[in-house]
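In what comes next, chain A is part of two complexes: it sits with chain B in the first one and with chain C in the second one.
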Partner chain A sequence: MAVTYGEGVDSGVIVGADSRTSTGSYVANRVSDKLTPVHDSIYCCRSGSTADTQAVADYVRHFLAQHAITLDSKPQVKTAAYLFQKLVYNNKDRMSASIICAGWDPVNGGSVYCVPLGGACVQQDFAIGGSGSTYIYGLMDASYRVGMSKAECIDFVKKTISHAMARDGSSGGVIRLAAIDKTGVERFFVGGNDLPFTPQ
Partner chain B sequence: MSILEYNGAAIIAMTGKNCVGIAADTRLGIQAQTVATDFKKVFKVNDKLFVGLAGLATDVQTLDQILRFRQNLYELREERPMTPKVFSNLLSNILYEKRFGPWFVEPVVAGIDEAGKPFLSEMDLIGAPVYTDDFVVSGTCSGNMYGMCETLYKPDMEPDDLFETLSQALLSSVDRDALSGWGGVVHIITADGVKSRVLKGRMD
Partner chain C sequence: MHTSLTATARLILFSLYVISMLSTTATAESSSIVEAGGTQRTRRPIVTGTSVLGIKYRDGVMLASDTLCSYGTMAKYKDARRLVPVNPVTLVGGGGEYSDFQEVTALLKRNALEDKCTADSLYEEDNSVECAKEVWNYLRAVMYNRRNKMNPLWNDLVVAGFHIEGATKVPFLGLVDKIGTSYEDNVVATGFGSYLALPILREKWRPDLEEGEARALMEDCLRVLFYRDCRALNRIQIAKATSDGVLVSEPYEIDTSWDAASFVSPKGGLEGDGGW
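Up next, the complex of A and B:
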């Protein structure tokens, strides 16, 4: 999931994800990293087929790098999201990739774009995806507030991901977070023992 | 998804020195969604005999009722408790009765016989039994559990050692399975009685 916080150029985003990759019911990787950088201050949260999303992210990283050179400045997050959209939409019959593209750029500040399975591209204040997201729509709607501080936002993301991990069999492991703002990217890690919520 | 994997389960039973242990997870799920974290899958038949039922949750509960009924009838008629071997055979018979429309459970029987010797058996959903003297496993992560048991098991463990071994084998196995876990229970059966403990494990 990805959430924006703050306002204007001081705004930023928090991206977060669980770490479980399953093949059927077997947990193939319990410490995977689903937060992938596509540029210095632009990350994507990958869900769906790992092979498809890794391939798409690699393509976007490649094109964005070229674009940044010709532009001679940091690319906008909406450009990255547009590239994701192009790839997902044009290959929709061959792929299963649901991606959230989020980051910070000097023009728009922090922003979040959701590129779900069909290849739409929608900008939102916050976005959630993956199989566990169905369990936290209500929680998100009830607890999200516009203009939260960075610390509040981090706690919010940790809490909601914990709730999804508690209910969804395909989500679990640890929580990986990245805070992206004008100063750059800061990565956080929440181990399984430190989850803010566990079922009784 | 297979009908036996609809709800998710993990059960291990092991023998020790004049004792047996049986451990199970406590998750009840509906495919990927977890619905309860306190679902009972191991049931006491009598003071020296436990049965663990892995598989479709509705059949787990129904078979528990059927087995308690049959065990009560046996005790009334025979005026003595059922021995593990007899119970295992009864269960096998009940399952095979439904050969062409089976109960979707794969049970595990663990107990101590009249002579104080540990007894284990496991069967498939149509009642084919397997008798071993070390460990039996059943559930959605049986491959993981076999691996853990083969590695951690040693013969003639004392009850406290047996508890540790069972717990570690179960917890490590369910942590690699998306359909089991979310808590566990372990019962250690000795000639003196049963000690049951709740396991604190990962709840994801």
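Up next, the complex of A and C:
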């Protein structure tokens, strides 16, 4: 999931994800990293087929790097999202990739774009995706507020991902977070024993 | 009435059913179909339990499982009891469809009650109580018969306890699956446990395992299953059958480890060879 916070150029985003990659009922990787950088201050949250999302992210990383050179500045998050959209939309019958593209750029500040299965591209204040997201729509709708501070956002993301991991069999492991703003990227790790919510 | 159908008619009905199932989409799937005579058959499990592990040790037999029942991919019931004492000397553990498991344990408890009430004496337990091996054999018959009627009890059952051989009580551990396959062994496991836990149990098994060692071994196996089975939980239950009787522990959580260095630092960065 990804959440924006703050105003204007001081705004930023928090991206977060669980760490479980499953093949049917088997956990192929219990500590995977689903938060992928496609540029210095632009990340994507990958869900769906791991092979498809890794391939798409690699392509976007390649094109964005070239684009940044010709632009001679940081590319906009909107551009990255547009590249994701192009790839997912034109290959929609061959792929299963659902991506949230989020980051910070000097023009728009922090922004979040959702590129779901069919290849639409929708900008949102916050976005959730993946199989576990169905369990936290209610929690999100009830607790998200516009204008949260960075610390509040981080707690919010940790809490909601915990709740999703508690109920979804295809989600689990540890929580990986990244806070992206004008100063750069800060990564966090919440181990499987330190989850804010484990209902037992 | 269903029983008035001839074998051919039943075969035709069944083939028609199979053909109609092949052409329906996933959204139209139902867990049971009602046939002409008003009977039903289980098609696919809805609420499921995952692995059950069993091991013989020095003092008797030990079973272990987690307390989760899943609803498809959802972890719905986190306090489901899958290890049940069905009579004073026998434990049954079950994975698979939870409603069928409840049906099986209710049936076995009913049998135990009937045995107790029709015994020669209300005070003498030894002769009237079904020993574990008898329960295992009975379950094999039940499961195989249901399978023959194409209406299985969708479970893998583990039976643990003692049976009387001559004058001595000998520990017993056996497994019965949903099609009536039955076998006994020193270590058994159902579901994912048969792939992930059984090799560990077989490697570490000795006939004179202490209770503490056996329990630690079970916890290790259930921890691996929690790491690697999407439908497992880290809240577990242990049950043991000794010559003194049967005991099922209260559920408790097992600890897990997530802080190895290679777990914490992410690999797929911008630098590097592009590998993940």
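Criterion: the second predicted complex is superposed on the first by the 200 of 200 C-alpha atoms of A that agree within 3 Å, B and C clash if a C-alpha of one lies under 4 Å from a C-alpha of the other, contacts with A are read in each partner's own complex, and residues count from 1 in each chain.
Keep this in mind: a residue touches a chain if its C-beta (ideal position, glycine included) is under 8 Å from a C-beta of that chain, and two chains touch if they have at least 3 such contacts.
Quantities reported herein were computed from a predicted structural model and do not represent experimental measurements.
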{"item": "Chain A as common anchor, with chain B and chain C clashing or fitting", "value": "clash"}
{"item": "Partner chain in contact with A:108 - chain B first, chain C second, else both or neither", "value": "neither"}
{"item": "Residue contacts on chain A - larger count, chain B or chain C", "value": "C"}
{"item": "Contacts of A:170 with chain B and chain C, given as first, second, both or neither", "value": "both"}
{"item": "First (chain B), second (chain C), both or neither touched by A:54", "value": "second"}
{"item": "Contacts of A:191 with chain B and chain C, given as first, second, both or neither", "value": "second"}
{"item": "Which superposed partner A:35 touches (first chain B, second chain C, both, neither)", "value": "second"}
{"item": "Doubly contacted chain A residues - partners chain C and chain B", "value": "20, 22, 25-27, 30, 131, 135, 166-170, 172-173, 192, 199-200"}
{"item": "Residues on chain C engaged by chain A in the complex (per definition of touch)", "value": "70, 72-76, 78, 192, 227-231, 235, 253, 255-256, 258-259, 262-264, 266-270, 274, 276"}
{"item": "For the chain A and chain B complex, residues of the former touching the latter", "value": "18, 20, 22, 25-27, 30, 131, 135, 165-173, 192, 195, 198-200"}
{"item": "For the chain A and chain C complex, residues of the former touching the latter", "value": "20, 22, 24-27, 30-31, 33, 35-37, 39-40, 54, 58, 61, 131, 135, 166-170, 172-174, 176, 187, 189, 191-193, 199-200"}
{"item": "List of chain B residues in touch with chain A within their complex", "value": "5, 8, 29, 31-34, 37, 140-141, 175-179, 182, 202-204"}
